[in-house]
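In what comes next, subunit A is part of two complexes: it sits with subunit B in the first one and with subunit C in the second one.
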Partner chain A sequence: MREKATTLYFGPQHPGITGNMMIRLKVEGDTIVKATIEVGYLHRGFEKLQEKRNWLQSFTLLCRFCVPEPDPVEESYARAVELLEGREVPERAKYIRVMMLELARMGAYMLWYGGQNASLGLYTMGQWSVGDRNYILDLFEELTGGRIYHMYIWPGGVRRDLPEGFADKVLRTMDYFEKRLKDYDDLMFSSTIFRKRTQGIGIIPKEKAVEWGVVGPVLRGSGIHSDIRIDDPYEVYDKLDFIVPTEEGGDIWSRALVRRQEVRQSIHIIRQVIEKMPQGEYYNRIPNPLKWALPKGDAYARTEAVRGEVGMYIVSDGSIHPRRTHFRGAAYVHAITLLENLLVGENISDVAAIMNSLGTCPPEIER
Partner chain B sequence: MILDIYSFSTLTSSIDNSLHNMMSPWMATLTEFVLVGIVFLLFYALLGLFLVYLERKVCAVIQNRIGPNRVGRWGIFQTFADFIKLLMKELITIKHADKFLFNLAPFIVIIASFMAMAALPFAKGLQAIDFNIGIFYVIAVSSLGVVGILIAGWSSNSKYSLIGAMRSGAQIISYELSVGLSLLAIVIFSGSMQLSTIVESQADGWWIFKGHIPAFIAFVLYLITATAEINRGPFDLAEAESELTAGFHTEYSGIKFAFFFLAEYMNMFIVSAIAATLFLGGWMPFHIGGWEGFNQIMDYIPSILWFFGKTFVVIYIIMWFKWTFPRLRIDQMLNLEWKYLLPLNLMNTVIISFVVLMGLYFK
Partner chain C sequence: MQEKKIKNKIIKRVKTNFKDARDRNDFKYNRLDFSVKKEIIPSVLFYLKDEMGFIHLSHISCVDWLEEGELEVVFILWSPEEKIKVFVRTRLDRDNPVMDNLDMIWRQANTYERELREMYGIQFTGLEAPDEFILEDWQGPPPMRRDFDTEAYSNETYFHRPGREDAEDVRETITKRSGEDIPDFAKKYSR
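Showing the complex of A and B:
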């Protein structure tokens, strides 16, 4: 006898969902037979709005693409503009940018730690990691003036130089995090229940991963070594020593292990950056933004974010406004095609866990 | 030797005598019923609110936070404020819900947990009714709660509620077996189901020490299965927030939600009290054989403090579970019960019967 399938609405007010989106689940018993992603709760028309703004004003929009980690989007846009204009970036600014990006990566991973565990019913982890994320936000506040939205990485360099004694503060924070990550391991990765809940769930097979367009840590969790920082080095990543971890499993557990190691690599990178950072200029000043026209043409720049590859494509017709901008975000692929494929055959208990392991960001989907 | 000044029997018997002097016997009994009922209701409500406050403080400590600290000193009136807020909230009944059952369900849940209080020996001479099948009674009435949960899920006309209720039904009914078996261990040791006799039998040593390893295994098994029995994390599948919004009580609001909430915390108190009574000696003080001075000092601590101290230690352990373990999936949880805990429990029961028959435990 075939059970009658029921429709279950998961989100947008469901506590287990990440951001404002909805999944319509067809469920037989506890098993999902069909998943349909419904987006459109957060459309803000970022790309269209940018066409009405000058080249610098776009930054207030860029950081809202993905709230947990806004810096890679700014970085992509800034580099695309620099590419189009041929503007040189001082060496010191490059190092500061890398430090900024890695701090942002750590901050986003702290949120992931919380989200992934909350989806499995362990709320303590989120309280710890989000509490510790405040130390990163404190650094951001001192450096940029903003805790969440920084608008710090600008075309031509960075907005401000490092304050007095900032490097020491960063190093102290890194020491603190190194200590705390051990506690996180005790709570999360040593837990048998966590392993049992995540192993073999939400498997992305290696051969399918490329076909589905998976990027970032999710792809590395499926055993494919791919990272923009290595494959297409930007800023000073080619001068730094770090490894890109991969895991073979393709399930939530493997993705969690990849992220676990990446936080440690971020700490390693930040320490190197502080050590190697040269003195000198930090900003190749742009002309008056109200009269700042870019040459005709187009440019694309991509950055490795926590969610995967994020890229910004800009087209200029020689005026002070972009003719068209297009943003390529990992969340679009992950939260729509990938999630719809992954959820089929899974238990409804695992929906939130699978979603969190993919690193979705609804505003990025709808832009 | 337990000092008689700490015994509640003096107080209760004097009340009993004066009531009998004042009125006819049946009237006196009726008055006693009402008095005990009022005392229990007050105790139930206050303890429930205190447990909610305690949970928030304990979880705050575990999570590196401060917890409630605004209403009253150290925030002790926070839960009262919350409760008053819940009292004043609108009671929403959803469309197409079965109104009668929807309204009935919270009462079944709360009555089930309330009834179990009657048999608990809180201190020397402080026990409402001393059944000769006390422990059996407690298990029986506390498992009535699942009926309320199933009704709540069914009558809500909500899919999440229904899934939560069905999970909870499967969970509670399976784990009841293990709870019963692990309590059976102590029944075998003490040879009685009467809670007062079980407590008396631990005057010279608690069963967890006297009963060797089998009693300790039974205690650990009881802790695990009791946590599952009362729907608490890591077994809180019935209300799994990130999966089912709030499970069986998703559609409840105001005071009806508060009933479920209070019942959940009081169930935690009841299972902890049973653990304290059966395994940790109930209101009996801690004694070490041969240390006369030490034992006398322990005797000076009133029995009610011993009972609540032990109970709150167990409550703390159960809270600790919740905030440091992720939640299990429904199939994993049933696997754990039917493939591991139940066979282990059965084996343990056989071993205990053997130990008792051969007289291998400390007498």
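Showing the complex of A and C:
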């Protein structure tokens, strides 16, 4: 006898991800037959607000687009402004930006370690990784004054130079993380529970991945070599040596393996940046921000974040206010059309893990 | 040099197939720009995706040119092979913005279209999606249009909590309390 379908409301509160969104699941037994994403819990009208502000005032909003990793958003906006204006950025500032972006990537991956494991009921990992993330936040605090929101990367360079002895602190933190990641492997990747709950779950086939608009570590987890840092290099990524890991499986496990290697690559990149960073200016001063008008035109700059491609499209009509700013987040694609597809046929108990593995971040969907 | 060659090749092929496409190729970085009529948008995008390798849809955005009475829809595509991004733009009549649905080319276009429908009032013919996306029970005009005044709307729709009147303008309240003048540069931001 065919079981009757039941509607199950998943969310809008989730323990594993930042922000609120709801999935309306139609289930038969504990198998999902249809999933509908409903967003609308976090709309703050940032892009409308930006139209009323001048070009620099947007930064207080930008870092709130996606809380776990705000720096790529700031960087893409700053770079879009620079592209539009044709403003040069000092070499040192570019290196500092890469260091910030990679530190932010590591910080966001530490949260992901916690979220991904918590979605499977493994809570110890989160206690460790979120605790370790504080060492990165300490660095941010010393450099920018803020632990979570930095507003540090801005048009023309960065807001201030590295404090004395900061580079050594970064290197010491990297040494710590390198040792610490071995513990993470023992706890997470050697865990039978983790492996059994993630292998073969939430599979994105290689041939479908590009068609569905998948980006970032999720795409690399499906065996496609794609990374904006290599394909469309920005800042000084073309001068650095790092590999882009890929895995063939396309399931949660493969995506986890990709991320596991990417944290190590970030450490590798940060060490190179510290070693190669030149002396000199860190900021190409902009004119009085209250009178600063950009030339007429538009620009789109994109950055590789932990979730994948994030980008900022800005349009100027020649005035001191943006005509339009439009943010593109990876979750915009992953958490709606892709997730709706992916959940069909899966078990209810895997929904949270699949959501997490896609890097779902509702604040960047609604902005 | 190599990049310039690729750019010229793409422009030539697009202009051969779509005669009235206007192009821009004066960018110093890996970008191309085409303006086309809205009727041929699906065929241009199909062509760029299937024939030219622009398989990745980066972004769909909309800009309101209120003074000109037009909405501009911009598609940003990326070719992983040629390492070029291409902007395809079209203009719609602001009073009757209708264009074809494009989610058969890229599935994720569906989400962008839902947002543009809600925020700019653009109707995509054949778009199959729930009516509401971000806004709930929205009765007003499309809120991202330039002529939508957020302040006036919130003054009409919501009321001030009694006892909080002094918090209406932070600068004036501080001035009243401290007796200091508002600095000149901040005056224009005060009501």
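Miscellaneous remarks
Just so we're on the same page, the second predicted complex is superposed on the first by the 362 of 367 C-alpha atoms of A that agree within 3 Å, B and C clash if a C-alpha of one lies under 4 Å from a C-alpha of the other, contacts with A are read in each partner's own complex, and residues count from 1 in each chain.
Definition applied: a contact is a pair of C-beta atoms (placed from the backbone, for glycine too) under 8 Å apart; a residue touches a chain by one contact, two chains touch by 3 or more.
Small disclaimer: the values here were computed from a predicted structure and weren't measured.
In the superposition on chain A, contact is made by A:309 with subunit C only, not with subunit B. When the two structures are aligned on the shared chain, A:348 is found in touch with subunit B, with no touch to subunit C. When the two complexes are overlaid on their common chain A, residue A:187 makes contact with subunit B while staying clear of subunit C. Look at A:366: by the touch rule set out above, it reaches subunit C but stays clear of subunit B.
Judged by the touch definition given at the top, the superposed model places A:123 against subunit B, while subunit C stays out of reach. More residues of subunit A lie in contact with C than with the other chain of the pair subunit B and subunit C.
In the superposed model, A:212 makes contact with subunit C only, not with subunit B. Across the superposed pair, subunit B and subunit C touch subunit A at no common residue. Residues of subunit A that touch subunit B in their complex: 6, 8, 14-16, 30, 117-124, 127-128, 131, 187, 191, 193-194, 196-197, 347-352.
On the subunit B side of its complex with subunit A, the touching residues are 59, 62-65, 159-160, 163, 233-234, 236-237, 240-243, 245, 323-332.
Contact residues of subunit C toward subunit A in the complex are 28-30, 55-59, 61-64, 74, 76, 78, 80, 83, 85, 87, 106-108, 110-112, 130, 132-136, 143-144, 146, 150, 185. Interface of subunit A with subunit C (complex): residues 36, 39-40, 43, 45, 47-48, 51-52, 83, 86, 210-213, 215, 226, 231-232, 290, 298, 300, 302, 309, 311, 313, 315, 323-324, 326, 328, 332-333, 336-338, 341, 366.
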